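Each of the next two complexes has chain A plus one other chain: chain B in the first, chain C in the second.
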Partner chain A sequence: MNPTVIKTIRATARSWTGVLSLALLLVIAAAALAAPVLGLPDPADMAFDLYQPPGAAHWLGTDNFGRDIFARVVWGARVALIVAIGAALLSILIGSALGAVAGYFGGWVDGLLSRVFDIFLLIPTFFLILLIVALFGASLPLTIVAIALTTWPRSARLMRSQVLTLKSRVYVQAALAAGAPHWWVILRHVIPNGIAPIVTDGTILMGMAILTEAGLSFLGLGDQNMVSWGSMIFEGQRHLRLAPWMSIAPGVALLVLVASLNLLGDSVNFAMNPQLRTRGGAPKRRRGVAPPADEPAATAGAPILQVTDLRLEYAAGDRRIAAVDGVSFSLPRGGSLGIVGESGCGKSSLGSALLQTMPNNAELTGGTIRYDGRAIVLDGKPVIEGGRSRIEALRWTRMATIFQSAMNALNPVTTVRRQMVDTLRLHRPGMTRDEATARIGEVFDMIGIPRSRMNAYPHQLSGGMRQRAMIALSLILEPELVIADEPTTALDMLIQDQILGEIADLRERLNLSLILVSHDMGAVAESCETVAVMYAGRIVEIAPTRRIFDRPAHPYSRTLISALPSLTGPLETLDSLPATGSAAAEGGCRFAHACPAATALCRSTPPPAVQLGGNHVAECHYAEEFAAEPVDAAEPTATEEACA
Partner chain B sequence: MSQPILQLDSLRMVYADDTGLVSRLLGRADPPVIAADDVTLALRPGETLAVVGESGSGKTTAGRIATLQERPTAGRVLYEGRDVTGLTGAALKAYRAKVQMIFQNPYDALNPRLTVGQSLAEPLTLHGLVPRAGLRAAVLEMLEAVELRPAETFADAFPSELSGGQLQRIAIARALIIKPRVVIADEPVSMLDVSIRSGVMNLMRGIQRDTGVTYLYITHDLAVARYMADRIAVMYLGAVLEEGPAETLISAAGHPYTRLLIRAAPEHRATAVKRDRIRLPGDAASQTGQPTGCRFHPRCPLAQPVCRETAPPRVALGEKHAASCHFATEVRQNGLAAATAAAV
Partner chain C sequence: MRLLRYFLFRVLQMFPIALFIVVINFALIHMAPGDVSILLAGEGADPDYMASVRESYGLDKPLIQQLGAYIGQLLQGDLGLSFRTREPVIDIIAERVPATLLLAGTALVLASVLGVLVGTVMARRPGSALDAAVTTISISLFSIPVFWLGLMLILLFAVTLRWLPSSGMMSVAGPREGLAYGLDVARHMILPVLSLTAVWLGQYVRLSRSSVSETLAEPYVTTARAIGFSERRVMTGFALRNALLPIVTVLGLELGLLLSGAVLTETVFSWPGLGRLIYEAILSRDTPVIMGAFLIMSFTVMLAALLTDLLYATLDPRVRL
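Let's look at the complex of A and B:
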């Protein structure tokens, strides 16, 4: 079976609403299916014991003709389910086909079909059905068709909006480029991927269909030859005083069936949208700790930032994922550290941990961060002093950040100037508007934005200008340390180069300390004095920049460096990690599964942090052998030695 | 010299925004976006031509037109000398069997509801190239060719179970399984991690060695272009500014823009000299409202009055090397800094 379906069913079954509604539906469906073989009294069988209250002979009593109500409720479930399934299926079939065509082809086809959807949505269901019954007489199939005819635009509109996004998906484009005709693309690639929310909505449709049929039967417009809950309630209400059970029993059955269908729809929707689960929730209150009593006063020589054994975990469902797994480093005042690594290595999580701006499902589980010698995080807990956490006092005024996406980081509905004035006045309450504007002008000059752009909204700025505005915003309070997370990734080459240049200039002029988080080895090489390479949540190698590029001691760093094509250097075949590899092994070195030089030792024992002198540390059993040879040597001899 | 297999001839692509009645009445209609202004490129059989440019340079549009996913506003696409610009129906399908595409985003390249094997078999089924019974074998052979082993396991896997590098290899396999003559690859490695990237590039080079397929390789990264391509064309604001053999273009570029791109690329090699950055006067290119004269003059450190007024000619700089700049010869000989100093 399709993995998505299995996953969805599993996730649905995990919530109690899902389990409850599924169980109820199964019981009702089983009873309805098995009605003829359950040995119930004939639901149409009239007897002389009229108006019997519920009891041992008749569990739910009898009605005005002496018919057994329990039997009638069970048989009524058949009608309800036939109507529900029939109408929902028909409605989804028509709706998703027309919706897919409208969304896929767009233009006048979409315009025309969308008007048709609107017209059908305007037709009152009951009016149409009255018309049909008047013309063709009452029968169950006609009821189903009538309900489907008034509900299909729901599915059509849903499918249309699904297709509008699906048709720009790469695999749809790829199928077209491969030469697939449109009908093939719609049936094979578009509808199967867009149907999920429509099926979810189908459970709601089923509930609606049941209620409509019950309403029709209540009005006496249902199929008179079949037992329907609606007609039972209708008959019951005339005998409400004498025999209330006559209408209560089918009424409760109706309620339970429709409620469990809606509940199921909700749980399936919830199960299919993991975002509803993980992203929701209020920010966790993190318990703080008091500063240590024996904390020494800040000294002139203290590093501006010192991180020891920092650990950060994400909660994903029931699992916990360690994104930062014991990271230590220290940054001298005025220094610059580049943190490089590939997607998922934890570099951005580390950046957010330093400022304590992690997402709500992330948590520090250990480690210490010291700023200027004073602890801001102890054992993973924020340090509170005088009722305020120390990081809050430092954030933005002394430690600022430059985000990757300026478009998302700047507020789109206020001007750049306004956002900067707000920031300034929040942190410097005494400042007047004019003083604030003057300060913004200074920063704009420094970063190369014309002052005339001050009153622009973020969307009116080009990508490069927007990123500059983001940098200006982070510098406005004259911080000492800037943490830049991929500050130039979204930008074009020439602009990236300029912005990196501007950051370098600013560092020199303002004596800024910088942490640059990036996947781009080149950008880091040119902007930072020290480089840390992260892999699977740990810094596997850290060294002065020239040293790490000339004599990398960790096989992973070596791969990263020799995998980059050079623009002006010699043209040589690039190394790469194998396309297929085993999963990371428990214990041992975390790079062993992909390492070209891994040995049995690597797979069994975690490597120590090998000190190579000159502030060069690498977590590899063979670090010394690797460091001894420059990166351009053809084959790593360490492998041979280790294997020998 | 062999005849080009695929030619783009003076392509122009303009997206006119479908403006509403009110803004049209108020005269506030957005100006049309000129995605391609004048793109002329020729691909020779078996070579790799890299098209390099920033976002908005029109490189992706050129690729989409080459595969006829979009039809140009003006200009022609020629395949083996025949005009294919207006092809439809069976003729279009036959063209697509010859000219395939690899997309940028591997994570979205495969239908999540189909197994890898089903996705790979699809082009074969569509073009009726392999009988139903032989599909599985053809799929496994292709998976071997893109180094995904064991092929059986990969054929039965769903995309969600695979890594980015593996997905892009499968996307490459899907493009190549019907043995096209030309593959248009639009930034095929830019979304992959560095350590995986080089593997995919090496794979593409190996396949070209084995099959003689022709690549049009679209990228923003000159270093990647140099690694992959025999020739490089540099695009800016919808036009080709410079074109030439890869090594020549990088060592002796004739267009200031190419020179700036080369200088802007960060370099980590020990041999690299620390570059000095120059501040460019203008900002990133805008696809609406093209400048008069040379399209690069607002950002060009070398710009002279003539650049603002007259569109530069295409200056031949050597065998197969040409640049559209009034000062191309000077820039090529003396470099950008010297040419700028001499001009001022």
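Let's look at the complex of A and C:
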């Protein structure tokens, strides 16, 4: 069996609803299968003891014909399961086939079929079935077919979207390139890999089918030759006052079966996508601390941001992952710092920690952040003063962020202007709309967005313009410190360069302090005076930009720098690195597993922070040796402009 | 302007769907066992009427002309005569619509408002014990057969406790005007509305819980929090505002499903609406009424889908032609 299936089953088995619903389903299925051999009274056998309440002779009593209700409920399970399985199977069969064809061939085939799915989804299922059964007479097979005929578009749409993502996968493309016929590729590769969510949805289809059949039987359109729970309730209804047990038992049976199916589907769904259960949520209330008593008043010379030994951990299941593991740095007022590293090194977590916008599964476990000499985080806890956390007083008015706008960082349903007006008026309550609009115009001019775009929605702007709008939003309240988290990722090179240039320019004009988080050494070089290289949760090297490009002292920085393609120099092979593994082992240097120059010392002893003079620090045993030999990559031309 | 164009476009798109539904109806009549004229006119209709049905539907002509004649009849609002009462089907249906609207509309408003509220609150505390409990309860709620829930409510509140009436829309000898009449109807509405609301509520809680928790994980919510907006504004202006989009879509798409619940509930409570009409028609094999009801329900669902689209387009500026 494939590993995802096993993982899903295990995860399902860990949730109590999953186990309970599966157990109930098994009991019901077993009872239904074993009904003929259980020694129950014949469910159609009429006796003279009519309307017997539940008791020892008849566990659930008897009905108006003296038939044993318990026996009828057990036999009714057969009908319910036949309907459920039959209708769901048929529906999945038709649906997956048509859905796969639509998604696989695309073009007009997809257009036509999708239209058909949509039309079928608009038909009121129950009434069509009702009409079919009313016209053709009530029989179980017809009911099953009628239900499947109205539910298949559900499976079809699911399968179609699955196939759309699957068909670009390598193995599908490989099979096609090898000359396999389309039908073979669909049957062999596409359907088996896309079927999982459709099967999960199958439990919901089964529940729907059972309720539909019960509803039909309740309207008197059930198969007269079968014992169905719905028809039992139909009969029970007329004797509700005299013999309520006639309606109670089959209804409970229906509820238990359908709820088990739905709960099972829900558990499997959550097991496959565990983040569904925990994502989002209100921001966690974190316990704060009072400001330290001996805190000096803010002084002019204090760095605008000072971070000491900051630690941030994520809780993932039972594991705790240290994304930021003892980071310290200090940013002078008006200074700029670039934080560079590969994805997963903790740079964005660091950014979110500075703003205290971490997700709920992240926790600051230690360290201090000082803004303007005043602690906003102390020992990992937010500092609260006068009932309000200090960060709140800084938000956007003094400390703002530029998020990557390609990622929906702006509210998609409100205009850019409206978002800025709201922001302005939130922090400057007395401001009129006209004043706000005037201020937005100013910022737009400064950033180079035509004022006419003010009333645009984010989706109406180009990628570059949207990013500029995000920058405008961050500057609208004239903050002192801006934290830019990957502001140019997902933009094309030309626009990237423009935007970075604009950020650098604005910084100078507005005397902003800037922290630029990026995976791109070149981007950082262009706009920052200091570069901090992060690896596996630590700053492994920090130095003035010029210095780090000339004399990188950490082998990881050296690799990052030589991974920069040069536009002007000769073509060279770019260096690449093995990913940050769990190999970033305890004891030794985090980078030892991937370091080309690692020695036994590196694997056994964590490197000290080596001071190389001129604010250059590197955590490497051999920092001095490395710093002595220049890196052999062509220097990016951008560096010179920004740092000269 | 954008909305108007969009709306017209969607209206145009409805025509093929309407045609498709009519064709299904037509095909079913012809595939069904028995004489088409009997299905259309009802069993035991007098020979004169039978002849006029044959004439107006062109039953002795080729199938395609019959389809044309059938569509022609429908376009004139002619759904045939009820075989039971000999009244035009369209009038019988029209007469029953208000009661269904009252019942289903009340339950729909209650269920969607409550459901969005509860779902939003749960989305704020994902993974909590309360969230897990509410999830399980909502799933159980929409697993209840609505007609059975109705019976159980009757058993408890009407038969055992005798607090509320068990059937009908008004008391037999009760007031027929003024406040007293309204209160009488309201009393009769409580149990059926409760059954429908309970079953639908489960759906809406689940739906809004998942879509709100999805939007809460979106970057724009992080932006809003970084800006310093209060949680209340983050929820209303950002999370819920965006979460409404999928909620509205599903609301529109599932109207057909909801109507089926309404039919079953009306049957249980003898509520004099469309559902009850369909039930009576089934019992007396009044096929013209069943077919008419199917057509009307289909068109209602189509209209609802159209309104949903329009609502969606006003809510989401990204919708374009």
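Simple rule for what comes next: the second predicted complex is superposed on the first by the 395 of 644 C-alpha atoms of A that agree within 3 Å, B and C clash if a C-alpha of one lies under 4 Å from a C-alpha of the other, contacts with A are read in each partner's own complex, and residues count from 1 in each chain.
In this text, contacts are C-beta pairs under 8 Å (C-beta built on N, C-alpha and C of every residue); 3 or more make two chains touch, one makes a residue touch a chain.
All of these numbers come straight from a predicted model, not from anything done at the bench.
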Item to check | Which of chain B and chain C A:Gly301 touches, first, second, both or neither | outcome: neither
Checklist entry - Which partner does A:Gly386 contact after superposing on A: first (chain B), second (chain C), both, neither? => result neither
Next on the checklist: According to the stated criteria, A:Pro412 is in contact with first (chain B), second (chain C), both, or neither; which is it?
Outcome noted: second
Checklist entry - Does chain B (first) or chain C (second) touch A:Gly430, or do both, or does neither? => result neither
Next on the checklist: So in the superposed three-chain picture, is A:Leu560 touching just chain B, just chain C, both, or none of them (first/second/both/neither)?
Outcome noted: first
Next on the checklist: I'd like to know which partner A:Gly39 touches here: chain B for first, chain C for second, both or neither.
Outcome noted: neither
Checklist entry - With the two structures laid over each other on chain A, which partner does A:Thr125 touch: chain B (first), chain C (second), both, or neither? => result second
Checklist entry - A:Pro192 contacts which: chain B (first), chain C (second), both, neither? => result first
Checklist entry - When the two structures are overlaid on chain A, which partner does A:Leu176 contact: first (chain B), second (chain C), both, or neither? => result first
Checklist entry - Which positions of chain A touch chain C when the two form their complex? => result 17, 119, 121-128, 130-132, 134-137, 207, 211-212, 214-215, 218-221, 230, 233, 236-237, 240-241, 244, 247-248, 250-251, 254-255, 258-259, 261-263, 266, 276-283, 355, 357, 392, 395-397, 400-401, 403-404, 407-415, 422-423, 426-427, 457, 459-460, 473
Checklist entry - What residues of chain A sit close enough to touch chain B in their complex? => result 2-4, 169-171, 173-180, 184, 188-189, 192-193, 342-343, 448, 462-465, 492-498, 500-501, 519-526, 546, 549-550, 556, 559-561, 563-569, 571, 573-580
Item to check | chain A partner contacts - residues on chain B that touch it in the complex | outcome: 54-55, 67, 69, 92-93, 96-97, 100-101, 103-105, 108-114, 119, 122-123, 126-127, 146-149, 158, 160, 164-166, 169, 171, 174-175, 178, 193-202, 220-224, 226-227, 247, 250, 260-272, 274, 277, 279-280, 283-284, 286, 299
Checklist entry - Which of the residues in chain C end up touching chain A in this complex? => result 16-17, 20-21, 24-25, 28-29, 31-33, 39, 123-127, 135-136, 139-140, 142-145, 147-148, 151-152, 154-155, 159, 210, 212-229, 231, 237-239, 241-242, 245, 253, 255-257, 259-260, 263-264, 267-268, 278-279, 282-283, 285, 287, 290-291, 293-294, 297-298, 300-302, 305, 315-318
